[in-house]
Amino acid sequence: MAMKKFINDPANLTSELLEGYVQAYGDKVALAGDRTVVRAKCKDESKVAIVTLGGAGHEPALSGFVGEGMLDASVVGDIFAAPGPPPVFEALKLMDRPAGVLFVVLNHAGDLMSANMAMDMASKQGLNVRQVLTHEDIAPGADSPAEDRRGLVGCVPLYKIAGAAAEAGKDLDEVCRVAEKFNAQMATLAVAIKTATHPQSGEEIFALADDEMEVGMGQHGEAGTGRSQMMTADQTARVMVEQLAKAVKAGKGDKVLLIINGAGATTLMEQFIIFRAARKVLAEAGIEVARSLVGEYLTVQEMAGFQMFVAKMDDELLSLWDAPCDTPYLTVR
Amino acid sequence: MIRRAASDIRAAVDELSRLDSATGDGDHGSAMLRSMDAAEKALAEAGESASPKDVLFQAGWAVMSAAGGATGPLLGSLLMGLSEGFGDNPRLDAAGTAAAFEAALASVRKQTKAQPGDKTMMDALVPAVTAIREAADAGAGIPAALKQAAEAAAKGAEATVTMQARFGRAKNLGERSIGSVDAGARSMALLLAGFAAALGGK
Amino acid sequence: MAMKKFINDPANLTSELLEGYVQAYGDKVALAGDRTVVRAKCKDESKVAIVTLGGAGHEPALSGFVGEGMLDASVVGDIFAAPGPPPVFEALKLMDRPAGVLFVVLNHAGDLMSANMAMDMASKQGLNVRQVLTHEDIAPGADSPAEDRRGLVGCVPLYKIAGAAAEAGKDLDEVCRVAEKFNAQMATLAVAIKTATHPQSGEEIFALADDEMEVGMGQHGEAGTGRSQMMTADQTARVMVEQLAKAVKAGKGDKVLLIINGAGATTLMEQFIIFRAARKVLAEAGIEVARSLVGEYLTVQEMAGFQMFVAKMDDELLSLWDAPCDTPYLTVR
Amino acid sequence: MIRRAASDIRAAVDELSRLDSATGDGDHGSAMLRSMDAAEKALAEAGESASPKDVLFQAGWAVMSAAGGATGPLLGSLLMGLSEGFGDNPRLDAAGTAAAFEAALASVRKQTKAQPGDKTMMDALVPAVTAIREAADAGAGIPAALKQAAEAAAKGAEATVTMQARFGRAKNLGERSIGSVDAGARSMALLLAGFAAALGGK
């Protein structure tokens, strides 16, 4: 089928969507420059700032989580494409402060190159920035080298954890420490069942047969680890939960944060059904779902599928998770 | 030098995008076009009297801002590495040029672990830098050194046809990435050919 | 294409999704009986309760808005089907209190029949219940009789307005008054571009050609007012805004609440682009978008399209809109 | 009476769903099946000694809980209206039955504004109630009155073939709703035929 989307000139997608976004949530976010989303009301300079970067087309991620208790700035690229190093460096400079900046980067080649370049510039100019790289995709195997593992929806809870520590006035070392602790204890697995069209080229980002699903599919149509026949919700959840629990070494008595992140066209109805099934499998293993999210946090246009995220939680992480936040797409009172 | 390369690239925009379509997302032509526009604009703004160091830095920064995708950071790093390599007191001879290109390659290598054989722009860039160094060590002048670099780059780019991509978007295709020239290697070869032609006096 | 969804036995869809839902938000909601979602922590009995009913398959609506500041109970039917009168009556009885109950019903034949029957029973048993019927769809013409106009996403902001009044301790007359005031000032128009599959029958709920869109499509595939060639986002927004502004009689100097409600497969990216375009058209007419929401509130499975909602706001309605609420899918701090 | 109707309906489940598929969502057969199961269960639970009023009330309530869709409230209202019509001291004669059915119709009319001609169950129900009243006024007994009602209902249901639906899901089809019997009218006719057969002794 031809691409059917409510858009105008494909060249203006990112600027139009950002314009709409900051208008829609003008009480919470604003644009700094063309492509950097910042809080409407800046955080106190005495607190560590949290900055991230990434391509557009995954809404509400990443900019949907700019706001109290989470991000301070999100530098946005074009659809599925990293922003260049200069705007990233500019954002780091804008957020620079004695308390320092935590810079969260998702492991994707383009993002990483821009981030590294910007970090180089930042260190040359003496900015106080520390980088955390997320790479929690376990599709290539939980033990494969970090550089082969992509950063998926795990960035969102990591913003929350790090953001809460920063908001609480922790210093950069502490904010880094909790972010890295959480980073080391999280894992995501994605599954796709229907493709999406790239809103600029109008082309399908991958192809799957009518009765096929693919576990491990990346969030831009990158090939996964294995195609199989379509399974039921219960079967799919079991396959995924077992790999995830193993990856984070969760066992009897452990507490986890479980996130079901819809890719775009998969309904909340299905997500709840998957969530219920995932809880069941975890319960069988004696693992407690201490906290959870179900919904669309990082999407892949109108792709059908979802990401399942599991992180092992301790009391410190739980209390950071429970701290209030107020962003357009995640609010905790 | 940059101007000549820019005009060669402009003539090849469609070819580059076509190559990128085969294994990537088909935007390498427009990324290179934006890069060249940005570099020329930086050149014009820097003015006649600016040092190579400053001009190349501005051009690199501009390319990074404009190009997007993989091209921005990689080509931008190349130009900024050249800038650093020339330093404040550029030796405008073959040895100095070789050193500058070595610095540029080191700068690109900070961005990527890709090696020759991985079907990327490195397949053109690495042999080109080796060629400049060898020419300089053998006592050649800048025009001859760049000519040899351009030839090495062209050969390196051609050789990517049979390679399987291990970096960039093309990596996802696995074996299906074999069979066409890598877009980034081709544009790198064009760039070096442009440099050589500009200094070769034709 | 064959139906491709993450489900198990289609007969159990609603019970499984509700089970998953209350597990996911156990701090906010709970099940009372099989199919009625209530708050985890009941509201003070001295305050008016807000109850609603409707079919499943539209997640997060309606039950996603049970919680502090919005609904007290939501009675859920099967996929796209009203619950029967008995559970509705049971919910009214459960929520009965001296302060009274406001019962919000969306105008759909099945919902209305169950609601009327339950109201009959309630009045026979002397319960203190008042009904508000939403029918803000302007597809059949803003002036057509209320009974021909369906209740669409407008129920969600109405829950918010009425819920805030109830939470503030207003009496049933007052809660009814603000609900009816808001009800009289709101209008919705829906547009569809890609069909969805009914998750039980596996059949497409309507058919549209590859280059067609349909304005006025109902939220179960009910025919709309007119098919046309696919338009750009800007064109679509203009067509819809002009009809909506006229319907609510908004003009120069008026303030409105604008909601873009994604149907399922339409991306947030597109919703922001539409929102931006809608604001522009409103601005041309001198109408201020005082408040807004963009996202998925009432969906139609994986249908692509959206509902655009406009309500004229005065100071009273704005302050009720701004009051805090804490539900799984809408939180105001 | 209800039992006989239930067994007739069970035999027709597939037909009813097929009719509903033509103009609706194809679930009328299963809705009627659930209704009959629920009504029989209510009957069994009420026990032999229960009054018609109580039994019919329980059956109506059970149908509403079980059937879902349009059938639940409509058929439930019919049964609950019958319950009210019989009242505490049922006159078990033709006139009393006519009055009870009139009350039932009134109760259904609280749920819907559909009239004969709108291609709904009303096309079977309304003429059936009229027929009972006329038979009663003419001095017929209950069996004869119900037999005439069943015949009127069957005729009314048949006539829906050429109608365009103005209520329910079928309404969305507009002119495309013409051409098949309305599912709800057909099941109403079957119900009344079942009542008549039960009391007609065959």
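Letters A, B, C and D name the chains as they come in the text, with residue numbers starting at 1 for each one.
We take it that a residue touches a chain if its C-beta (ideal position, glycine included) is under 8 Å from a C-beta of that chain, and two chains touch if they have at least 3 such contacts.
Because the structure is predicted, anything quoted here is derived from the model rather than measured.
Peer 1: Can you give me the shortest step count from subunit A to subunit D, moving only between touching chains?
Peer 2: The fewest touching-chain steps linking subunit A to subunit D number 2.
Peer 1: Provide the C-alpha centroid distance between subunit B and subunit C, rounded to the nearest whole angstrom.
Peer 2: Taking the mean C-alpha position of each chain, the two centres sit 56 Å apart.
Peer 1: Hey, how far is the Cα centre of subunit B from the one of subunit D, in Å?
Peer 2: 82
Peer 1: Counting only Cα atoms for the centres, state how far subunit C is from subunit D in Å.
Peer 2: Centres of subunit C and subunit D (C-alpha means) sit 33 Å apart.
Peer 1: Can you give the whole-Å distance between the Cα centres of subunit A and subunit C?
Peer 2: 29
Peer 1: Got a list of which chains touch which?
Peer 2: The complete list of chain pairs in contact reads A-B, A-C, C-D.
Peer 1: Can you list the residues on subunit A that touch subunit C in the complex?
Peer 2: Answer in residue numbers: 1-2, 4-8, 13, 16-21, 23-24, 56-57, 59-60, 64, 193-194, 199, 210-211, 230, 232-234, 236, 264-277, 279, 289, 292-296, 299, 301-302, 304, 306, 324, 326, 329, 331-333.
Peer 1: Inside the complex, what are the residues of subunit B that reach subunit A?
Peer 2: The touching residues are 25-26, 61, 64-70, 72-74, 76-77, 110-113, 167-168, 172, 174.
Peer 1: Over in the complex, which subunit A residues touch subunit B? Could you list them?
Peer 2: Going through subunit A, the ones touching subunit B are 77-78, 81-87, 109-110, 113-114, 116-117, 120, 147, 198, 201, 218, 221-223.
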